[in-house]
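Step one of this worksheet: look at the structure below.
The first chain written gets the first letter, and so on, giving A, B, C and D; residue counts start at 1 in each chain.
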Amino acid sequence: MQPEAAVLLVGAAGSLVFAVVFGPARQPGILLLRGGVGLVAMALIAVAPDLDTALLVVLALAVLQGAIELNRGLAVRLRAPVFAISLVALALVLDRASGPAVLHRFAAVGIAAGLAAIVGLLPFMHEFDPAEAVSASPIGWMAFAGPIVAAVLVLDSRRLFTPDTDAVFAAILIGLGLLNALWGSVSAWVTEDGTAAWRYAFMSDWGLVLCGFGLTVADGQSAALLMLLSIVVCRLPLYLMSRPALREKTTTDRPVNLVVAAVLSGSAPFVGFAARVLLFRGATELFWPLGLVLAVSMLLWLPGSLRLGRTLGQPRGRQLVGIAIVLAVNTALGLYPLPVLSLAGT
Amino acid sequence: MSQLLGALATQTLALIVYPGLVAMLLFGGVAEIAWVRIATGGWTWPERPRRRPTPVVATVAICGMLAAVQLAAPNSPMPPEDRSVVIAAVALAFTTWTALALGGEFFAEPGLLLLAQASWLLAVLGPAVQPESLRPQVLGNMLVPGLLAAKVACGALYVLCLPALLGMWPMASSSDRRAGLRLNATRILCWFPYCGLFTTLFVSPPSDDASGWLRFFGITALVAAAMLGAGLLLQRRGAAFAHMVYSRVLPPVAAVVLLVVIVTSFVMR
Amino acid sequence: MPSSALLLPIALPLVAAGVIAALGAAGLEVGRLVSAGAAWAAVASILALWLPVRSTQELILGQMGFGSGFDLRLDAVGFAFGLMVSVPAAVVLTLQKRSWQEAALATLALGASMAAVEAGGVVLTAIAGGAAATAVVLVLDTEDPRARRPSWAMLLAGWLALAWAGTILQVRGGTAVYSAVPVSSITWQVASLLAVAALLASGLLPWRSWPSQVWSRPSLRAAGIALATLYPLGFYILVRLYDMGDGRYPLPAFDGVLSVLGLAVALVAALRAQGATTRREFFGEVVPVFGGYALMSLALGTPLGLSAALVALATTAALAAAVALLPDRASIASLAVVAAAVGIPPSLAFGSRVLGIEATFEAGDFLGLIGLGGTLVWVLMMVAGARAAGLPAGRGRPVAETSPAVALGIAVATLVAGPALALFQASFANPAAAEVMPSAGSLGGSLQSVATVSTVLPAVALFVPLLIIGSAAYLASGSSSQRAEARPPVLAPVAPRALAGWREAVAAARVPEQYRTILNLRELEAAASGGRPVLWLAALVALAFAVTR
Amino acid sequence: MIEGAAAFVAWLGASLVVLSDGRRGLSAGVAVAAVGLAGVAFEVSGPIAAASLLAGGLCAAALRWRSGPPGWKVMPPGSTGWLILCIASAIFGLWIAAAVMTGQGGGLRFAALVTVVMMGARILSARGGAAGLSAAATVALAIALAGALSPQAPGFEIYLAGAAVAVLITFVASEKTDAA
């Protein structure tokens, strides 16, 4: 098992427990069951001996998730994940066969596009229904299973690539990353629906993840891992907390909403800031103007985050405790990420 | 410790007696009496200022003293290296606005007054830009041909601004109008520092002997006389003329002086 | 003291914040007591750490995970800025009543700010400073969510820029630790980034930014904390830039540009001050004017300029606390604060400004023109102060958060502290200047006088008699007759009007009818998020095409 | 020779999945594709691998036979484009696998390529759950077969996994496909 995936798996398990204990789910048992199945699948992905096996598990997971709710029709729900898996499978065929270099470059395109399609990023966004349960919606891919799939896919496929292919792969990831970071952060700000705004916010975080993976230096990988962790242990729990208020379309402007906005925007001392510092390091090592683009795009997080913070409503009691835990975890990860990064071996 | 006490005694002497408060009162008193006579056109003895100083007068006195001790007056107990043209300029600048702060008094043309003061500051500090020195006597002693144009231009600007700063234009404040023939205590305190600063900055420093005294106070008195003349001219020609001078003539002159200062600094670099 | 004691000025406020929050959540309102205690303890600890040894102390606690170690360092610069941050914060935390939430956040901001000052490297400063900024935004919002507060984006941009600069130093120079950064890695690009970070962090901008805006809030509890904990940090970065550049900025033009910017900041603030409609508005411009002056002197690149800037900043810190405690009513306290703010002789502000202006003239190369500008700004501030003395006080604020006696005390202290200028400079500012500028050893003077290149300012000998004479004169004089009333501005605000017109024109701009369909954001969003296979395939083809190039 | 023929059968099965909308047509497509893919697997990885794929494919086909839109519905109206896709995929895949790519195992490459590409296209156009699930199941079998291209020759586990996933996919969601 890759250590990165192991760390993310632990984070996802923690998030699931958090959602069951502190979340507003009306049927925590069902959530636990679905999440548990997802966790098992994710563990299988993490321990899979090769990418093909991992892909098969992802395929099974996609079908299982697609079968949870049929508001949008099974075919529609399967469309993106199966398309993504087909892309990755095709890329693996192209990469393994001997032939001209362009085939390997196409393989890089396939893996990168497949990754974006599995997670549901631009330009392969999944169809989204705000009313769907989290476990059945594309958020499940973005925030729960996606991080592990991405870690396994990127790190495993990198081992197969030649240096030329790896450079192409990195460039595509950075391009897609910037696209998603900009589009996601701006859309999280301007879109009308609150739930959709959360989805775009996830997308913008993923933009930084892709940029981190695209930076072919250790700092980039560490940044990507921290961003993935922040998605799993920060944004996802907070999204779950905001679901009731989102349904009721209530917004509040209390200090706790602002604190949450600070966490979501990647302000210091939370984990997002540490990840950004690492991204800057990686960008500086490779090509410093990229740091400028990243810096500008990072500022776009703020308006959307302020908006998302307000969608949290007025948490009280158990929910407030839950938010305090999220904040504490994020602060600890933001100030002292070394243990996690060491565990992940980055 | 004894050095410190000695310095304290010297500075106190400078502040209170010469070239500080006493010198200011003597010089300013004569100049102010002359001004009141000229302005009113008669020879009746003007009223004395109130006995008890107001906070405005107290503040002007402090600032005036601080400015006066910076002058290159002959036999000044203030050590030459301890003087600074910046302190003199800023201290005098305070005197202009004290009445607004503490007297609740409105000025008729505060914008123009501010413009005049800004131009005056240019005239005072402009000559210091190139030499990079702030000792007044050093600036006065600068007779390098290259700096002459800047010095003459700044001197002219100084003289142009001074009537406004001494309140000798016909746009007097409300209290001035009320005061009638009463001597203006704040102006009494300002005559010497303003006129003496001109002598300090634009004339080479005097020696510490009788000729030096004569030269310094002679030139300072000449400046004061020029101000009296200028003030009289402004009073005779009226507020419109004064307004025209300070709103239409002063800004371009100040701009030219600034240009001269910049060009001089560039050429002498 | 063991080096681990360096943690105290940071840890004490942070622990106190935790205690306040825990007890507050349990229903015990002890915020004021604990936060004040922690703040004063931080002051005491920083004094106890520095004064006995007066030399640099370091604490290295290992890596944190983003290429930076948890290195703390207390040197003369850290000591000076530590006091600038902690003392005013302690004053307002002691005297102003606030809820436990506000007290916890304010104490947190203090701890973070102290961490930024004690941080041994750029990245750690960025993280701590960013945390302080977050805490300040939160405390302002907790106090009043509808009132004006600093633009969070601007603050975040500043600290992100600093983080980026730190990482550039780590990558290019191998380290971002202040004392170890190779001079060659401080290129003009990196220095520009650091300068931008500093300017944004302290809101040093030639328009109305947060250091002025926060004073227009109905309540001024959080404003005082914001100014105390955040405002000095930008200057701190600029001082550290000298440290990393071996006592100078990478380009001479850099000095000029920053100095001019400082002058512009002060000028614009002074223009606003002279047009203020209430005394509170005037007080709101005091800190920006002081900050502009400090930047102007600091950026000159001379030891005297740096030293004068540090004295000006210390005065700013004191006055910020005084303004925060001042009630909105006509009183001798408000008059004293006005006098201290405009820098009447022989106050500390007077001395520091004179030195700052003198430093510009002595720096050479036309910088004297900046000093000339600085003098003009000072005059403008005199006019503003003179007007403000008779303006209506303001909208009024809760009595519980004011302390006129202490405000008066602080203002009078800065007024009578002029004679101690040389002492203050020699013991507080010069060591800090010497820490970052090797040439600062040439700073002459003694405990009684300040020597510049061309003159000597005999602070004790000149200002003590002046102070005594002045006191006697004021005691002998009657009271001033001031009636609060609206006063027209001396200079009409031309620029804001033009700016407003420009803003209106921009706001009125519309996309031409024929282009609206292709620039419709909602339709774009719908097209991208619709999950349309055609788009997916098109994207795939585009990517495949791109990699064949 | 067997590998080539099996690859052709796999393409045929994939084409059936692409061109059918009814459960019988889809079931037949999955079965034929499984037979073809198993044939290729037999050549490159041996009988256990082939048996695994065959068993999984047939199970999935059997499950599909029981659920989904009734009838065969092979090439319903509007299928011209899909027919062209099938033929073009074959030609293009053949060119890539045989001419562009080099080395042994052309049949394997062809089978894996065309199956994955055609199933990917199918999933994009599927309006019913049955078609989507059939495509997914076939993709699972193709992924397992593609593992044989790996330089580290995989064991039979990957084939077993592929087969299991194909069955699981069809089984888990079988009752949902009618509604879809």
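Worth pointing out:
Quick note on the criterion: contacts are C-beta pairs under 8 Å (C-beta built on N, C-alpha and C of every residue); 3 or more make two chains touch, one makes a residue touch a chain.
Since the model is a prediction, treat every value here as computed from it, not as a measurement.
Annotation of chain B and chain C: not jointly contacted by any chain, touch as defined at the top.
The most central chain, judged by C-alpha centres against the centre of all protein C-alpha atoms, is C. The most distant chain from chain D is B, comparing centres defined as mean Cα coordinates. Centre-to-centre spacing of chain A and chain D amounts to 31 Å, using the average Cα coordinate of each chain. Annotation: 38 Å between the Cα-based centres of chain A and chain C. Here the spacing of chain C and chain D, counted between their Cα centres, is 68 Å. The geometric centre of chain A is 72 Å away from that of chain B, both derived from CA atoms. Residue positions 533, 536 of chain C each touch two or more of the other chains.
In chain D, the residues that reach two or more other chains under the touch definition are 124.
Listed for chain B are no residues, as none touches two or more other chains. Taken pair by pair, the chains that touch are A-C, A-D, B-C, C-D.
Within the complex formed with chain B, the chain C residues making contact are 338, 344-346, 350, 353-354, 357-358, 361-366, 368-369, 371-372, 375-376, 378-380, 382-383, 385-387, 389-390, 448-449, 452-458, 460-462, 464-466, 469-470, 473-474, 476-483, 487, 490-491.
Within the complex, the chain D residues that touch chain A are 97, 100-103, 109, 112-113, 116-117, 119-120, 123-124, 126-129, 131-133, 135-136, 139-140, 142-144, 146-147, 149-152, 154, 157-158, 161-162, 165, 168-169, 172-173, 176-177, 179-180.
Across the complex, chain C meets chain D through its residues 533, 536-537. On chain A, the positions that touch chain C within their shared complex are 76, 79-80, 83, 87, 102, 105-106, 108-109, 112-113, 117, 122-128, 168, 172, 183, 187, 190-192, 196, 219, 222, 253-255, 258-259, 262, 265, 267-269, 273-274, 276-278, 280-281, 284-285, 288, 291, 295, 298-299, 302-303, 306, 334-341. Taken together, the chain C residues at the contact with chain A in this complex read 63-68, 101, 105, 112, 123, 126-131, 133-134, 137-138, 141-142, 145, 152-153, 156-157, 159-161, 163-164, 166-168, 170-172, 521-522, 525, 528-531, 533, 535-536, 538-540, 543-544, 546-548.
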